[in-house]
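Okay, so subunit A shows up in both of these, paired with subunit B first and subunit C after.
This part shows the complex of A and B:
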């Protein structure tokens, strides 16, 4: 009876999940074995041909490299800043709620608006950063073209770190807020510094939250499209390509009418595999005994 | 008996009425049109007027329009997969050529276009995207690729319109002396920047030279000295100080805004520039345009032109292809073309219809064109993947000084061979 009840309650969710997620994923994998533009019924069976082509596609590798930089370099800055903010906000400082709201604010603004703001910051000649550097008398830095192809990726990354830090700070703060306050009080009575409290109490006691935020960041970084794409504009430079953007360029006919839907789907399948691998790796590498409180 | 007779007459009347209604149902057609414009755009307003006028002349034809915007063709792909009927669509001609047309999904309009229609077009326009003499696309908006510039500023700096490439470089020096920049670019728009290369190569080797170089499957087509010369000439505009040193950082539309601000004389781009900048420049801005100048010992003429057209396409699976084609014959009519100019503010492909004043030099270039090729020399249309992944990014690297012209050429040679090896 109990088993029947479980099946009955699970069936709708499993059914929807199968129809709207599992089946399309399988169909996508099947589509990735063909050469097709998606317009007509003409498809050419390639087997693993799209994947073989991907393996030797320098643009795809470039996009993977960018993705890795976003994930690791961006991740270090985002989580570094998020932990610093968490530490500061939990140190009993005045105006915690106000600062928490300010840090989170970029997340409630549309990505396009945020990227427009950042493009004004970095714009040569009339941009905010250029004007600021000129005021400081740093003429050589002021003439740097921050959005020129060789610099545009890292300019974009600055904006991305800025917008993402708030989101992850809020998640980590929520985890830290759950830790019983008597532990912090006891530590302070024992003479622990803020840094000691953070590393010896806060981090271990919210380890599960940290793993979840890392998984969230990894999946975001792997799927990253909106921010770099909006930053680079519709005529996006290859230096800003992520695999997701490359998928879009190859499958959806932007300025150049490239409609390689099978190839684009193969990129999507690779992204799916990468996401699963990243989650498994984070789970395995960061596995620790659960701390109870 | 009289009753019976009356009933018979009624029945006969009913049959006749039914026949009439039936006949109307057979002939009445609603053309489903998916458009590349967004509804509030002036071009959409113009098309609405044209459709409305057509429906008044042909009451049996009505229109159901979906204003999709720039992703029209991509959205249409989903519609086709879902079996949604669409009769007519429009898009950038290059996009259509590399999309629906390449997949053979356009209706062959050749037999549907009247002689008057065919002769109404400016030189070369209708034939540009024809496949072996068959017309699949129907161009209705005409953009020319020229140097678009501020006439007043040209006078102010004491320059004149250059007839040769050397004169262009000389104009750059004159403009620089006057404290202004002659040209501007958008660092992130590879398909604008490549116009320097494609135009120079076509001036040297003639129209179609870019596609021809690529179609040598050994890659050796790019080893022609003209290709290296075109690459070096593209760099020469930097060396001559034509473009400001900070221009690589301009992300569209930051570069072109410097023209409106009076810092820069002009830009090598299509005739949509005055429209795009109209809010910044105001109505009184004095726009001029000149063709990419002639080059020494070139086979191509200075009147050869790269163009960016917008076209209609009737879909092959349209339920009303003849009605749609009839509408297209009307679109190229003088009245419709005048509406496009007046309401849409665009250049049009019909002979004798005056373009908006700001685009007058573009119209002159179109009327005098000796050969046409698509935007960027046509490689985008014929081989979009190579253009997107190799030509534009590699050219941009070289153009912005990250690689040398020699490295650019050797990359093209290697990548072209690689492309054809994988497309046997």
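This part shows the complex of A and C:
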């Protein structure tokens, strides 16, 4: 290929990517060292001041805690369910493709549409869940305030687990489908049980896929904004804050913008560092010799 | 023998029960929203489980006109389509060169672009806001489109590189033997072969951007420039004061989800294989 063509083909994409993704990402590190509202008025150099303030900001710690719960508690359910669905769908079920498509479907629907539905499900008094529990005669459960401050986070998590399960099921299923079927047949002939097949063949054979999906989930959980934010609606409860939401609120606020742009960006930098740490940690902790086949 | 048959029958039934329940819930979710959008809000609260006795389409008229969802739909439609076309125009050639070209630093450049997928978008909220304000593109659909294109490049190129590198090289060499220029090889040989892959990333980007709202939340402020997702979010916000017109809200939700569901019904296999190819190579 001629040099001229290589340059011409790469320039637009590399240019846009560098100017509107790489440059802002680098600029973020710089912005996080200032106190600024972004409108050219007093921009005060703080050095690491924003980070020192973050360290003692209880709301920020709360948001980190929520992020951790999403990542670990949500993750256990999502991956548990995804593996269960993978096993069931691969046990010779009829209609595998149809079920796979239906399990995945919530992922192609706008987040605001999904959270609106779940808000109605958990709505006090008239909500779908309340009326369903009433029908079942579980009056005491039916009066639970699902959106009260102490419950709202886990109500949100239910909806989040619901969509994410669909997403990770198709990835893990695709990983399992890459395993040659004669391995399973051989194991069956040798008299291996389903559990043995799962732990001795399925898991080791798709170790790469497991690592990739865990990295994907960890990074998604760290940068989570849309689902909890839309679920929370206006005047979102602090119990729903993730670091990304807190960043948005400190930067652009709800009704009355705060415009603490430097402080908000410092949160973004923490998110970036956490993302890198998560990727490195997963890769190191779960490193294993690749199984060749 | 018979008891083992019963056990396996029970196991199979349980499988269908679990998977079936989860799948039916997806269908229920969509149907319930559509039915809710055809009820009066009073009936929606009174009997959320029943079918609407006489479906009312007034919710749609109200949402489309008074709540300006017609405008929002047009905004979303224009921004998303212009974005997807632009994404393809810049990403397809770049991915082609990165996977089939042969030059120094090719791998490094490829990794440099792919690393953009690891950047958490919230990190970019403030810098993008500042850059767009400087360029006087803040609160414009043009600015939003530019950001959509730039931020979609890493994933798009990553997936397209996979498609291009899976194409056979024999045709390429044959075309060169026949005297095709580099560009002609790309335009008349490789591009048609990659068409299914290009269609897949186009659909995935369309759906992703159609549903996106965190970036538009940061970059768009004027009511008349809202996309559909922002429109729904602002409707929820306004409902705090005007009382809950939930039926109208569900009409808006139906409007935002129908296009992607229609695409999914037509192309679910293609979309799922595109995602699993991108994620699990």
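Note that in this section the second predicted complex is superposed on the first by the 269 of 293 C-alpha atoms of A that agree within 3 Å, B and C clash if a C-alpha of one lies under 4 Å from a C-alpha of the other, contacts with A are read in each partner's own complex, and residues count from 1 in each chain.
We adopt the following convention: contacts are C-beta pairs under 8 Å (C-beta built on N, C-alpha and C of every residue); 3 or more make two chains touch, one makes a residue touch a chain.
Fair warning: this is a prediction, and the values are worked out from it, not measured in the lab.
J.: Check subunit A with both subunit B and subunit C modelled on it and let me know: fit or clash.
T.: Result for subunit B and subunit C: clash.
J.: Look at A:145 in the shared chain and tell me whether it touches subunit B only, subunit C only, both, or neither; answer first, second, both or neither.
T.: In the superposition, A:145 contacts subunit B only.
J.: After superposition on the shared chain, which partner residues are touched by A:14: those of subunit B (first), subunit C (second), both, or neither?
T.: Once the two structures are laid over each other on A, A:14 reaches subunit C alone.
J.: Taking the superposition on A as described, I'd like to know which of subunit B and subunit C A:55 touches: first, second, both or neither.
T.: The answer is neither, since A:55 touches no partner chain.
J.: Could you say whether A:154 touches subunit B, subunit C, both of them, or neither, answering first, second, both or neither?
T.: neither
J.: Could you say whether A:93 touches subunit B, subunit C, both of them, or neither, answering first, second, both or neither?
T.: Touch status of A:93: second partner only.
J.: Mind telling me which of the two, subunit B or subunit C, contacts the most residues of subunit A?
T.: Touching more residues of subunit A than the other partner does is C.
J.: According to the stated criteria, A:65 is in contact with first (subunit B), second (subunit C), both, or neither; which is it?
T.: neither
J.: A:252 in the overlay: touching subunit B, subunit C, both, or neither? Say first, second, both or neither.
T.: both
J.: Touching A:233 in the superposition: subunit B (first), subunit C (second), both, neither?
T.: both
J.: Taking the superposition as given, does A:42 touch the first partner, subunit B, the second, subunit C, both, or neither?
T.: first
J.: Subunit B: which of 75-83, 93-101, 237-245 or 345-353 bumps into subunit C?
T.: The answer is stretch 75-83.
J.: Under the contact rule defined above, give the subunit A residues that sit at the interface with subunit B and also at the interface with subunit C.
T.: Touching subunit B and subunit C on subunit A: residues 38, 233-235, 252.
J.: Would you tell me which residues of subunit A are touching subunit C in their complex?
T.: 1-3, 5-6, 8-10, 12-14, 16-17, 19-25, 27-28, 31, 38, 84-85, 88-89, 91, 93, 97-106, 108-113, 116-117, 120, 126, 128, 131-132, 135, 162, 165-166, 170-171, 173-175, 178, 209, 212-213, 216, 219, 222-223, 225-226, 229-230, 233-235, 243-244, 247-248, 251-252, 261, 264-265, 267-269, 271-272, 275-276, 279
J.: Provide the residue numbers of subunit C that touch subunit A in the complex, in ascending order.
T.: On the subunit C side, the touching residues are 11-12, 15-16, 18-20, 22-27, 29-30, 32-33, 36, 45, 48-49, 89-91, 93-94, 96-98, 100-103, 109, 113, 116, 118-131, 133, 146-147, 149-151, 153-154, 157, 182-183, 186, 207, 210-211, 213-214, 217-218, 228-229, 232-233, 236-237, 240, 246, 249-250, 253, 256-257, 260-261, 263-264, 268-269, 271-272, 275-276, 279-280.
J.: Please give the residue numbers of subunit B that touch subunit A in the complex, ascending.
T.: Against subunit A, the touching part of subunit B is residues 71, 73-74, 77, 80-81, 94-100, 102-105, 186-192, 244-252, 254, 258, 380-381, 384-385, 387-389, 392-393, 396-397, 400, 402, 422.
J.: Can you list the residues on subunit A that touch subunit B in the complex?
T.: Subunit A residues touching subunit B: 37-40, 42, 53, 59, 119, 122-125, 143-152, 232-238, 249-250, 252-260.
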